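After this come two complexes, each holding chain A, first together with chain B and then together with chain C.
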Partner chain A sequence: MTGLLARRILLVVPLLAVILLFTFLLVRISGSDPVGLLAGPTATTEEIALVRASLALDQPIWVQFGVYFGKVLQGDLGNSWLSNRPVLAEILDRAPATIELLFWGVLIGAGLGIPAGLRAALRPDGGFDQVTRFLSLLGFSVPTYWLGLIMLFVFFYLLGWAPPGMGRIDLFLTPPDRITGSYLIDGLLAADWEAAGSAFGQLVLPVLCVAIISAAPIIKQTRAIALEVLASDYIRYARAQGLPHRQIRAMALRNSMTPIVTFIGTEITGLVGTTSLIEYVFAWGGLGQYGLSAIIAGDFAVVQGYVLVLALFSVIVFLVVDVFVMLTEPRAGAAP
Partner chain B sequence: MSATVAPPPRWALRVAGITRRSPTLAIGAAIMLVFALMAIFAPWLTPYDPIMAQPRNVLAAPSTAHPFGTDGNGMDVLSRVIAGAGWAFGIAIPAVLVGLLAGVPLGLYTGYRGGWPDEIMMRGFDALRVFPSIILALAVVAAAGPSLLNVVLVIGFLDSPVFARVVRAEVIALRGSTFVESAVAAGNPTWRILFVHILPNAIQGAMAQTAVRAAWAVRISATLAFLGVGIQPPTPEWGAMIRQGAEYLVTGQWWVGIFPGLALILMVLGLNMLGDGMQDMLDPRRKAATR
Partner chain C sequence: MTLLRVEDLHTHFISRDLDNQIRVARALNGVSFALEPGRILGLVGETGAGKSLTATSIMGLLRPPARVVGGRALFEGRDLLAMPEAEVNALRGRDISLVVQSPKSSLDPLTRIGDQLIRIHRAHRKASEKAARERAVEMLASLGIPDPARRMAAWPHELSGGMAQRVLIALALMNAPRLLIADEPTTGLDVTVQAQILDLLRDLVRRTGIGAMIITHDLGVVAHYCDEMAVMYAGAIVESGPVRQVFANPSHPYTANLIGATPERLRLGGPRTVGGPPPNLFRLPEGCAYRDRCPQAGADCATPPPDVALGAGHVARCHRVAA
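The block that comes next holds the complex of A and B.
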């Protein structure tokens, strides 16, 4: 078991190397030369050469990759081409906002999607199944950013229930002192009810968007997994034994949980992208908005760091899910 | 009174049969047929020129003259929504073709040969999976330069792993069969075995994926335009139109952004339904597993 675990963790090393190669090449194919941006308009030829040397841009490409690799390992993601601020610090500063949105969104999405999928599987092609299948197809098809805009139109403009989509807290309130980075939790911890209330109000619509988008695939997959489990030999045996329905359902649920959790883990990658678009619409000020703005502005030092951090996040989530499966599923431990 | 009712033509019976077996497929196909007709006959269907600005008629609410209203430039939203279908097809179809052209030969070759090329390809695909596809597409298009050609190429290349994987799995299952062995024994060159003997038997799974990949291509290209990367206003492209409409939604001129969004949802929904139906039809095992 420990050996398997160690092997799984070691597999991350070559993966990281390939990821870094991708992010390195991303800036190479852009063909943009940041030297002019970084040195400023009044730079002399010597100063430009100095900046070029400091970025190792005067070296052959494989040396440049080596320099990039080394810097990333030291936690240096470079500086923004536009603001010249360190990318890693900016990302860490904004990450809690994104994690807050993603966490609540996926939690609510799974809280709606898993029971709906299970219920649909109990009576395939029944009324509930038909309705959820259509809703899930709709969730697959609605453009994320458009959903956010519609939410703002309906709940802010028409009904006036929600605050405008401008950030994480009312503009006239001071955010609570940073403890966890989540304004809601920090406000509650600091007993600043006004700030916590405002943060909650700002969270509702974007979280709802992430929840709707994440629920669609969760419903579909939960239903498929539960159907497979319900058709398995041990459930049929339990039925033949005359076990009560409730007990059979509990058994099916227990055996469905591992594949469902694994699936949600792999879905997180895509949902991070979804969350970025939601952030952009709601001016959330998190990692996603930072990254998308950089993509639009052509600030490739930031784009590179942003894409790298998202990939690392997925790597960690996949690792955690695999370890979870190894620990909960004895059969998975036996497989090579 | 005994007028003999002509038997329905054979194609009508087939359509009815497919509709009964897979209503999802039929609805999806019907939606896409409407969009295809809309794209082809757009010049005759649009009541106004989609990029004709009417400065005296800016942000007019929906009326009989302009059923979907007019946008911030005074352009007719209905005409622009109709014209947008052409842009969606114009990007999605070439993008899927690029994906097929890049992915299918790759899957054929690696599946047949195995060994280190196969290993490298699969590890590379595994590494690609950790990037959110939408962000990767946005970043690569921005890096490569947001021209229309690059949008198509990037979406196509990011699609190719899907096709390569499906074809590879089929080829691995087929490469030991008698017909392949006899083709080898007859002295056919490898390319001929791959493309003439194996391909026709291995392409079905990839074809079943095309509609779903087209849905993805429509979504990504619209997202790019929404962010202002790639296609720019006043091009009548749905994503770009939603971008224009976004600023008016919170001031009440909802029609500018809502109608192109509805068209986009409907097309993606149609393609997804078509794709779901195709996968069920072409792969009965999948149907058994998910039903």
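The block that comes next holds the complex of A and C.
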């Protein structure tokens, strides 16, 4: 069992090497030359050559990759072409905001979506199924940024229930000292109720957006998975054995969990992209917004770092999903 | 008392077609038979004749659009079809057990086989975890599974097909049922394992005096293992009786054709009979459902054929049979 797990974890190493190669090539094929940008408009030919040499851009491409590889391993993702601040520091600054948003959003989305999908599958085409199918279709079709704007329009402008979508905490409050990076949790830990309350208020609308966007496919997929399980030979045989309905449902739920969790894993990695639009609308200042601005501004050092972190995030999510499957699924060979 | 008496069982598949017209497939059309304790009944017929459907109808396991529309299924005198679902569910797996084909996919993939055995026992009987575990080990041992105590911890996917079928039989027998229905219990198993499983079933019936119904399309299985047989065609039993009598004197033309079509008979140079598709269940012919394929059909076959008693419980439903 531990051998299998260790092998799965070791698989991450070659995966990361390939990812590094791709992020490296990403900037090479973008065709933009940062030297002019970095040296400034008044730079002389010698100064440009100096900058080029300092970035090792005058070296052959495999040397450049070696330099990049070595620097990444040392935690150096380079500096932003625009702000000249280290990319890694900027990313670490913003990551908690995105993780916080994703975590609560997916937690609520899955918390609503999984039970709803299961319930819908118990009575296909019943009233509940039809209502949830309509809602899930709605969630699928609504454009992300539009949902954010409508939320703000209704709950901030019309009703005044929510604070304006201007960041993660009230502008006139100081964020609590950084412990986890989540203003809500840090505020609670520091017993700074005002900051925690404000952070909570700011979180509600964007989290709701992520929850709605993520719940729609989760409902649909959970329903499909549960329907398949309910029609399986072993559930039919459990009925023939006269097992109580409660036990049969529990059996169906357990057998649905592996594919559902696997699906949510792939879903989360895709949501990172979707979330960047929500971050934009709510001026969230997270990773997504950072990466999106960098793409628009052509700041490829940041784009490179952003893509790398996103890939790393996906690798971690898939690793967690795989370990979960290995531990719960006897056919995967590592179940206790 | 007769263990199971099925009387005039009718099951229909009721659905709507694209024009929203109600379509009725008459899958079972008056199935009647009886099974005594300590006996093995073989239910034979071609694919689609309604053999498995008979079993699922009796056990109340039909799912829409299939529905029982008439008849009775008396288990020890109580009509299973008129019982509340909760009562039937209490009987299933306790007094009436089912063994299905595809044993590997019928076991819960996330539960060790020992826990599945314990689960079904404790779902129907008041027993401690320990007592149930002991019984499960005994049951596995009695079914010839080597090293049963260790096997209890096996996952379903670790079992071979024959082993999985034994486990399924163990599940079916955990609560000492009085009626065992085996639906193609050996399909997909190799021949030696087939014989082992069927020997096991026969010994069990002889030893414990329970009644068993084996659903099969293999006449060899019927000849070797069953006491009684019932031949199904288009959702009705066309001939039934003691196995020896029916084989010695197959009276319904369909039975005669079926027996004549076994590889052994064909090798002996028996006449090759012309087959044909099973009748359309949406539009069954009037009278005898077999008349379109029957070499002896005549004008009178358009009227419902009588059940002709041929002595010693041998009955054939045909106009051409003389008592």
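In the analysis below, the second predicted complex is superposed on the first by the 328 of 336 C-alpha atoms of A that agree within 3 Å, B and C clash if a C-alpha of one lies under 4 Å from a C-alpha of the other, contacts with A are read in each partner's own complex, and residues count from 1 in each chain.
Note that in this section contacts are C-beta pairs under 8 Å (C-beta built on N, C-alpha and C of every residue); 3 or more make two chains touch, one makes a residue touch a chain.
Please read all numbers here as calculations on a predicted model, not as lab measurements.
**Student:** Which term applies to chain B and chain C once both are placed on chain A by superposition, clash or fit?
**Tutor:** fit
**Student:** From the CA centre of chain A, what is the angle out to the CA centres of chain B and chain C, nearest 10°?
**Tutor:** 70
**Student:** Just checking: does A:P14 make contact with chain B only, chain C only, both, or neither of them? Give me first, second, both or neither.
**Tutor:** Touch partner of A:P14: chain B, not chain C.
**Student:** Can you tell me whether chain B or chain C touches more residues on chain A?
**Tutor:** Counting contacted residues of chain A, the larger count belongs to B.
**Student:** With both complexes overlaid on chain A, does A:E329 touch chain B (first), chain C (second), both or neither?
**Tutor:** In the superposed model, A:E329 contacts chain C only, not chain B.
**Student:** Is A:S141 contacted by the first partner chain B, the second partner chain C, both or neither?
**Tutor:** First partner only, chain B.
**Student:** Just checking: does A:R254 make contact with chain B only, chain C only, both, or neither of them? Give me first, second, both or neither.
**Tutor:** second
**Student:** By the touch definition at the top of the document, which applies to A:R239: first (chain B), second (chain C), both, or neither?
**Tutor:** After superposing on A, A:R239 lies in contact with chain C but is clear of chain B.
**Student:** Considering only touches as defined above, state whether A:T42 meets chain B (first), chain C (second), both or neither.
**Tutor:** Neither partner.
**Student:** Check whether A:G298 is in contact with chain B, with chain C, with both or with neither, and answer first, second, both or neither.
**Tutor:** A:G298 contacts chain B only, not chain C.
**Student:** By how many Å are the closest C-alpha atoms of chain B and chain C apart after the superposition?
**Tutor:** 6 Å.
**Student:** Touching chain B and also chain C: which chain A residues?
**Tutor:** Shared contact residues on chain A: none.
**Student:** Under the stated contact criterion, what part of chain A meets chain B in this complex?
**Tutor:** On the chain A side, the touching residues are 14-15, 18-19, 22, 26-27, 29-32, 124-125, 137-138, 140-146, 149-150, 152-153, 156-157, 164, 223-224, 227-228, 266, 269-274, 276-277, 280-281, 291-292, 295-296, 298, 300, 303, 306-307, 310-311, 314-315, 318.
**Student:** Mind pulling up the chain B residues that touch chain A in the complex?
**Tutor:** 123-124, 126-136, 138-140, 142-145, 215, 219, 222-223, 226-229, 239, 242, 245-246, 249-252, 254, 257-258, 261, 264-265, 268-269, 272-273, 276, 289-291
**Student:** In their complex, what parts of chain A are in touch with chain C?
**Tutor:** 232-234, 236-244, 247, 251, 254-255, 328-331, 335
**Student:** Would you tell me which residues of chain C are touching chain A in their complex?
**Tutor:** On the chain C side, the touching residues are 59, 61, 88-94, 97-98, 100, 102, 105-111, 119-120, 123-124, 155, 157, 168, 171.
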